[in-house]
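Residue numbering begins at 1 within each chain, and the chains themselves are lettered A, B and C in the order written.
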């Protein structure tokens, strides 16, 4: 460091917006998405059909709703593994209410309310009792799915009202499904929340150093609690959409979805250890996962084999930059 | 005196991308002697320790043991060569027992290759006895205090038959009594013929226990020699490259009206019956031994820990402070002692660190406004003469002194009434110390009330208008004017101030 | 005294209370033969929980154990079908080695590439399941395709206990010796307790974590054979979600998820606790659909209790005697 006593003006930034963008994870991911899209378009003549593409969005819209909230939670250094169980419990609650003749608005309120309540329970355990979120949510995952399983047994709830079908089967305009529209709106809402508000700044601060954030006057526990609430709410919303799309509630509903959601978030460039990540990254990751699933489906590759690609993608996309960095060093 | 050093570094260089941490440095350690390594923060001391213990591999130069060049590929190699380090925060394992901590990596084995627990316990017990420690080797480390952990670390050093013992600021977290015991141990190690490298910022202890010195500055070797041949001023001169007069800034303004009144603060385990007042523009010192409950009290005032009883009043408003956010709203801010953990968020850029507590002012309806943030951050960082490339730079890339500036800028940007500084100059170099002192005086002159927690008597004497002494969680004395003497501070802090006549004498 | 306050003691107490409660409804449950059957049924969970414990001790987590188990189980079944003459011991050795190799993949990605363990094993979990489908073509391997010796080994009795139980006992003893009496075992604790300090004591953190993954993988491989042979069926989804039971057993057993804390006794008791609940529900006439909710509640309770016992400790600055002075 040179010891100059001359008064210097500190520049705001040294890199331009474009420079930062070009080096970003999102651009790398976008390149992957374009490559997959091109490959799929060449591999199957059915791929570029707009109605097929529209159907393909169901592969990610419900998961992505949860992934947006999960991204914030993971950036803040927490995790919620109980989201799939919340989806199951919320769907079961709706199915149970259905038997008492509750109408569509009531069902939606019950689905969202169940999600909020589950999120509040997780948030209470983590922030009030000071427990580690990964173990707490492994516990509540069993608890929520367990309660759902007590109610459901090995049966199922069917016969949702026709008006309820709009969430998972309706179209807003042309090929744009209601779910896709919800996805798009949520992407903007969460993007603004994380990147353009005081709340979002607090999320980053907590994820990087919760102690220093607390010492800087950030209401750490309140922010964390709200994030668990949001995640629960989004799981409730996903339950409404999924139940509406399937038209039934079965014991296996949303089984294993928590891992797909976390995969989507991590693939989107969110650091699993907290502190960094963006919503645009998660949006692109959602499309990548949707495209891979859809493309392989067109090639008659069974779903379980697609998971090899998703798993390899997850590890590969994270390993590559690190390996390149190591080789350079 | 032998001529061949046990350990010698010749022209050792270590570079990191963009930085030369060590630039051709020399260092010689001799058997049965204590060598003090002296240098400001960033002089390359911690890099040197990591190089000696095999964590880093030097890019140039050589390390010699008994005059024979060696190469440490791993930390294990350095250990095998007889080099061991006792670190700033005693780095051991809380969940393992004392004996396991001493012998981890080289435990005695049975003939089946398993760890011989009985023999390990036996040997640990005799080893601890040899350094005068009465610890049960079967105790888990987490049940011990910091001083006992030091003893375990030293026992470990002895157990691997170390020839070179590196002590990196070993007294930083110890009380006066524990420091005395440590000095005695250093003498024992010396008598056993160990070569000791002693890293410390405290001149009094360097002069007390070191035989030789080596001075680094900005990663370069400046000089070495026998302690007997130098005085304090010469060492300081070598350290900073310029002479620094240890004069505290003049305090021209006298304190104004009463601003803060704290009444009856109590905590079930940490402190009790705390009542004091603070006036506008006053610097109030809090002196005491380490562990007297001063930081705990300050964190309660700032809303981190919750007192079980007590209120505080600012101006005429009675405030109940339940969280740091409440404290900031009431105009009280706290610059913590642990900068790395509690102060700066190192992975976020400078401007975001500065504006974090002030977002309410820079934002509109909860939405960020970047231009306002940069303006606010620039105003306060420039006032503190922050050295950085840009406001968008991560705080983690700054030096320790500049990180401290970011933390202080963050608090000044909230326009506080009361600023609490917890050990503001601990572990920072002499040049930065003077800057912090000057700045504190400036703040007080501008009407800000300052509470300064400090364990350094010259600092407390030189900066405070008034001093409160704490011992075992209670206020034991309030000193000002003629009553404020070093002797009075020490006696009250140590609990031997009951006899008034002796204090006066 | 220290034992009475330990996690193991609390768990033993809870387990005894649980057994006593079940006995009031159905005394036959605590007959030695039935308890042995419960232990045998819980053997896979115990084995995997011990492997997982070692991984968690080093501040990692292995979500891929159940998928590893399923893959190794499928390979064992396919080997048996393809080479009926192959001695069962060879198959066991082969799949244990395969499990270790799969664990090594996890370990290498953590050690050499530096990807967080939860991400690595999340990825390999899905990959392993996919590979099972590829090698089996999605088909089941049924009992009639397997040879009798292959199916018989886990059930064959030795000194009154099935081989499956002996496997669990051997793994318990082996893991206990490993973590208490070997340098490697202690370094698991060191790496998880204070990775920074571990480096200074000459322990290679990455290599130690790698070893933990290999061990966990090998145990999953062994369990893969035991599982497939005992239930005499292999398909893609066997033991689906079992990784969460394994982690639950560790959590109930007081293994600190942040690393460095935990004991063999805790992991075994945690697994037994879940095993007893699972086996007791049908006999006390509670629908098995309650099992998941109960184990969830047990996990949450265990986590809360563990955090209470660990907190409490703090420095006391105020001396109590002074208050009376």
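In the analysis below, contacts are C-beta pairs under 8 Å (C-beta built on N, C-alpha and C of every residue); 3 or more make two chains touch, one makes a residue touch a chain.
For reference, the UniProt names are A = Autoinducer 2 import system permease protein LsrD; B = Rhamnose ABC transporter ATP-binding protein; C = Rhamnose ABC transporter membrane protein.
None of these values were measured; they are calculated from a predicted model.
Using CA-based centroids throughout, the chain positioned farthest away from subunit A is B. Across the assembly, the chain pair joined by the most C-beta contact pairs is A-C. Subunit A and subunit C, compared by their mean Cα positions, are separated by 29 Å. Distance from the subunit B centre to the subunit C centre is 43 Å, each centre being the mean of its Cα atoms.
Taken together, the subunit A residues at the contact with subunit C in this complex read 125, 129-132, 134-136, 138-147, 149-150, 152-154, 255-256, 259, 262-263, 266, 272-273, 302, 304-312, 314-315, 318-319, 322-323.
Residues of subunit B that touch subunit A in their complex: 302, 304, 323-325, 327-328, 334, 336, 341-348, 351-352, 356-357, 359-360, 363, 366-368, 374, 378, 381-382, 386-393, 399, 410.
Of all residues in subunit C, only 177, 180-183, 186-187, 189-190, 193-194, 196-204, 260-261, 313-319, 322-323 touch subunit B in the complex they form. Considering their complex, residues 1, 7, 9-15, 192, 196-202, 204-205, 208-209, 211-219, 275-276 of subunit A touch subunit B. Subunit C contributes residues 61, 63, 109, 113-116, 118-120, 122-127, 129-134, 138, 236, 240-241, 244, 247-248, 251, 257-258, 287, 289-297, 299-300, 303-304, 307, 311 to its touches with subunit A in the complex.
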